[in-house]
Amino acid sequence: MAIGRETVESLIKIGKPKWKTSISQVAPNQITTRGYPQEDLIEKISFSDMVYLLLKGQIPSKNRARMLQSVLVSFCDHGVTPPSTQVARLMASTGSSMNSCVAGGLLSFGKHHAGALELSMKVLQDALKSLDLDETDSDNLDQLQNAAQMVVDHYYRKGEKIPGFGHRFHQEDPRPPKLIDMAIKYDCFGVHTELALNIEEILFETKGIRMNIDGANAGILSDLGFEWELGTGIFMIGRLPALVAHVNEEKIRETPFRKLFEIEEIYYDGPDVKTLDEFLNND
Amino acid sequence: MAIGRETVESLIKIGKPKWKTSISQVAPNQITTRGYPQEDLIEKISFSDMVYLLLKGQIPSKNRARMLQSVLVSFCDHGVTPPSTQVARLMASTGSSMNSCVAGGLLSFGKHHAGALELSMKVLQDALKSLDLDETDSDNLDQLQNAAQMVVDHYYRKGEKIPGFGHRFHQEDPRPPKLIDMAIKYDCFGVHTELALNIEEILFETKGIRMNIDGANAGILSDLGFEWELGTGIFMIGRLPALVAHVNEEKIRETPFRKLFEIEEIYYDGPDVKTLDEFLNND
Amino acid sequence: MAIGRETVESLIKIGKPKWKTSISQVAPNQITTRGYPQEDLIEKISFSDMVYLLLKGQIPSKNRARMLQSVLVSFCDHGVTPPSTQVARLMASTGSSMNSCVAGGLLSFGKHHAGALELSMKVLQDALKSLDLDETDSDNLDQLQNAAQMVVDHYYRKGEKIPGFGHRFHQEDPRPPKLIDMAIKYDCFGVHTELALNIEEILFETKGIRMNIDGANAGILSDLGFEWELGTGIFMIGRLPALVAHVNEEKIRETPFRKLFEIEEIYYDGPDVKTLDEFLNND
Amino acid sequence: MAIGRETVESLIKIGKPKWKTSISQVAPNQITTRGYPQEDLIEKISFSDMVYLLLKGQIPSKNRARMLQSVLVSFCDHGVTPPSTQVARLMASTGSSMNSCVAGGLLSFGKHHAGALELSMKVLQDALKSLDLDETDSDNLDQLQNAAQMVVDHYYRKGEKIPGFGHRFHQEDPRPPKLIDMAIKYDCFGVHTELALNIEEILFETKGIRMNIDGANAGILSDLGFEWELGTGIFMIGRLPALVAHVNEEKIRETPFRKLFEIEEIYYDGPDVKTLDEFLNND
């Protein structure tokens, strides 16, 4: 049975879809994202709408759009204090490319840095799932207070900090209260944020500890319906412009090969100098 | 001379600023970016305003803000066709973390992929710098046509494609004309975009090739005053939300350890199996 | 109290070691690693000795050196079948730099790929720690058989595969038996490898599943005294030369911008095309 | 024409090899690298032989094997002084995974750091290619001296340092002379290294500058027949074990979230605090 090249090609094409996606459809001269032609999106929606559309599959209401915008802006920058920004700038000073430096910054988001948003979202979402609360019911306060106490007790027993509360620099960080204000103003305040506030109340009374920016955003993003697994992703979207700005500043203003400290500032505590003679006789 | 610990500490602090930045200032309970308190930014500006503020040091006018918004939205997604998206999803299928997968996507922006925006900005900016044009003068058309012809001739002689023109999938990509429309509507259309259109005119007449999305955005971003060195940085900001969405889709919907092809589809053209005997006698 | 610049400088240097290490000491014209002058190491030790010295702080005996060498060689390459190699080559085809491509390969080692070595080491080390076995005692067989059964039962109950056993391509991988032979020959065979063999015996009898290369190396590396936390690190050392070779092969032999599949091979299952009208009226 | 599923499958398999490689062949229960069964390689060759085999496609002679071994060992570590090691440790302190931290280290090899080996190889290889020298001829000295002078003059005119010469810490680095000794001892000394020594002679007489480790290895690796494009790849292979050791040391011995400097040590030189009122009226 002789089969022509064209038949083979078409069989290959029909036989086996290699990749499946529901995000965008690409055909010659036509690109749609979540069903909307991109030329329409370019004209009509904002960048934070686009973030919402990509992650959740629909265009947000105006209030939700404004809320996500505030959240993304709030992640923007914390100067050169975070390790991720230092890593990105240190890389920039070796002459690495913009995308390598920014990738380095993203890779610095470990469990001790930037991971708190995701962990805090998980704490709030898990606590509420176990409650099986009616989110529209305004008589939930007792249940939320109990849940807050359980979260605090749980971490207290483990001797660990609760992700989303306390900050190494700021006693009264001005960002969380502003974010809560925005949530109320834009009608996006829900049970997750309420739970976060209840946890803060206990922590503040007992230890003087307040909610930090991760805690506030964890509540708000959860109330917006984002799964906790997207936490670090959303944080990265918000922080990326700052990483680009810092890498650019390093490249433009600083001399290459940044020396973080003098060689005398390094403390060596390994073995004294020895010869390899032992090695030559070691079998 | 006995010096107390406090003196030493303060000397260390005063003596040597370790890092310098003009982007954000962080003090206890106070964070400003480009001079603005972050709690004000959270309340009042959009996410694309924030991008502009971080990269250029000032808040954009409403028209410029809308223009940058359209540019960022236009970069959003091209489905699973680009290597960067494939890399990010392939990594996701091995169980790598969200930030590793996204970093992998960014590292895939090499000179053959996503590099075109930056290169196209450089072509336009270099061509105009050599002209020393008065940007406000509307009688520049002749000069721009000459410059366009010189760019085309230069690449023609090298036998290379001009970055920003032509697309492997789209003959008539709907995005570039829409972006040009927006530039006119928002009064952001300037000489760089004009030059890009002049180049397109020549290419279309001689070879049927049109401006692609990188060419349109290269003109517009240059007219907005962004240096070409920021091109890949801005593209990454626009594309990141899609990378997050794709990684998430892969993790949620697909089975781990994606097999891109069957083992029989690999073509091995190395040496046949041989023994190591030659090695044992090779000295 | 006037203090001169020199005093300040020396105080800074003395006052605060910024970084501490026991690995290498660097002074002008003198570099020692783990106490040995590097010029001596360059002359006298092999590269796998160097790996051992860096990770464990001492030069290995000849037998241990030969054993680690076999382990590192065994990780070398598995063609273009692993996602990490595919990622590195896909990046190479976009024109990314050698170090970006290799970094991309390393970032692809997630829990479903290459993570098995570390997990397998943990399983063996945890099981033996709980036994509190005398490693020099040859009458441990009963205890090891019990421990093996407990490991198998544990994973059986969870319905998960035991890391280090079974392979998607190979029913009888030729590498694990060879590694076990080497361990015996070089007197490096210990209780961890013995435990791994006991697990294999149970799995083979009940399910026809054999030890894979991660299982064999997990036993051997544990017997060599490496903590499980170093597993992925050692695997990366062994695999890196292959990633470099593959990236180089891609750059030298293939055309840029590798197309993994035709656009028709992508299956889109998102929403149909729709207009943005709903959006304009959605508040 | 009805075609069964099996026919389709086989057509797909035959019709289109998706990936081509000459490095390793993988079939069920059989893995060969450059033609050699991996179980034989595991038993018989050293790790640096494996590096040579992967990169150059053949097993080296004993002398070449010993030479490459010395080169790889020489790259091992330079303490915590290089930015790449600092980046890897800084990432480790945020809780990032071993492979992320090591990838970060690799991404820090920019043109100002670690790039010198590749550049130095290129300088030597380009200079010799232009000579069209008979490598076996011992009467080449005059030509090499001329070539050395041309290289020096070229960089002198550009006002740039010659890659491979001079070191920020070491006036008389003990590693380069040892490497040259090894090259002579193992009969691997060739015209590239000779050229590097000629360049050093001129630089030392005129400026007191000596060859550094990159210069020595550039000569030797070129004489071993490695193309300059592999320079950074080979350096990464040699340096990776140290990055693993440093990341491990950081994780084991240091407290998380390393603070490189006090907040007071940051110098902010951006705009003073201002309000957003200007913004609200800016259109």
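Here the chain labels run A, B, C and D in written order, and each chain numbers its own residues starting at 1.
By our rule, a residue touches a chain if its C-beta (ideal position, glycine included) is under 8 Å from a C-beta of that chain, and two chains touch if they have at least 3 such contacts.
These numbers were taken from a predicted model, which means no experiment stands behind them.
Between C-D and B-C, more C-beta contact pairs are found at C-D. Put simply, subunit A has to spin 180° for its C-alpha atoms to lie on subunit D, with the angle rounded to a multiple of 5.
Of all chains, the one whose CA centroid is most distant from that of subunit D is A.
With centres taken as mean Cα positions, subunit C sits 33 Å from subunit B. Centre-to-centre, using mean CA coordinates, subunit B is 27 Å away from subunit D. The centroid of the Cα atoms in subunit C and the matching centroid in subunit D are 21 Å apart.
Shared contact sites, meaning residues of subunit B that touch two or more other chains, fall at 12, 16, 18-26, 37, 41, 45, 79-81, 86, 97, 99-100, 103-104, 107, 109, 169, 260, 263, 266, 268.
Residues 3, 8-9, 11-12, 15-16, 79-81, 83-84, 86-87, 90-91, 93-97, 100-101, 103-104, 107-115, 168-169, 256-258, 260, 263, 266, 268 of subunit A are the ones touching subunit D in the complex. On subunit D, the positions that touch subunit C within their shared complex are 18-26, 28-31, 33, 37-39, 41-43, 45-48, 50-51, 54-55, 69-70, 72-74, 76-81, 86, 89, 97-100, 102-104, 106-107, 109, 169-175, 177-179, 181-182, 229-230, 232-234, 236-238, 240-242, 244-249, 251, 253-254, 260. On subunit A, the positions that touch subunit C within their shared complex are 12-13, 16-27, 32, 34-37, 40-41, 44-45, 57, 59, 61-63, 97, 99-100, 103, 107, 260-276, 278-280, 282-283.
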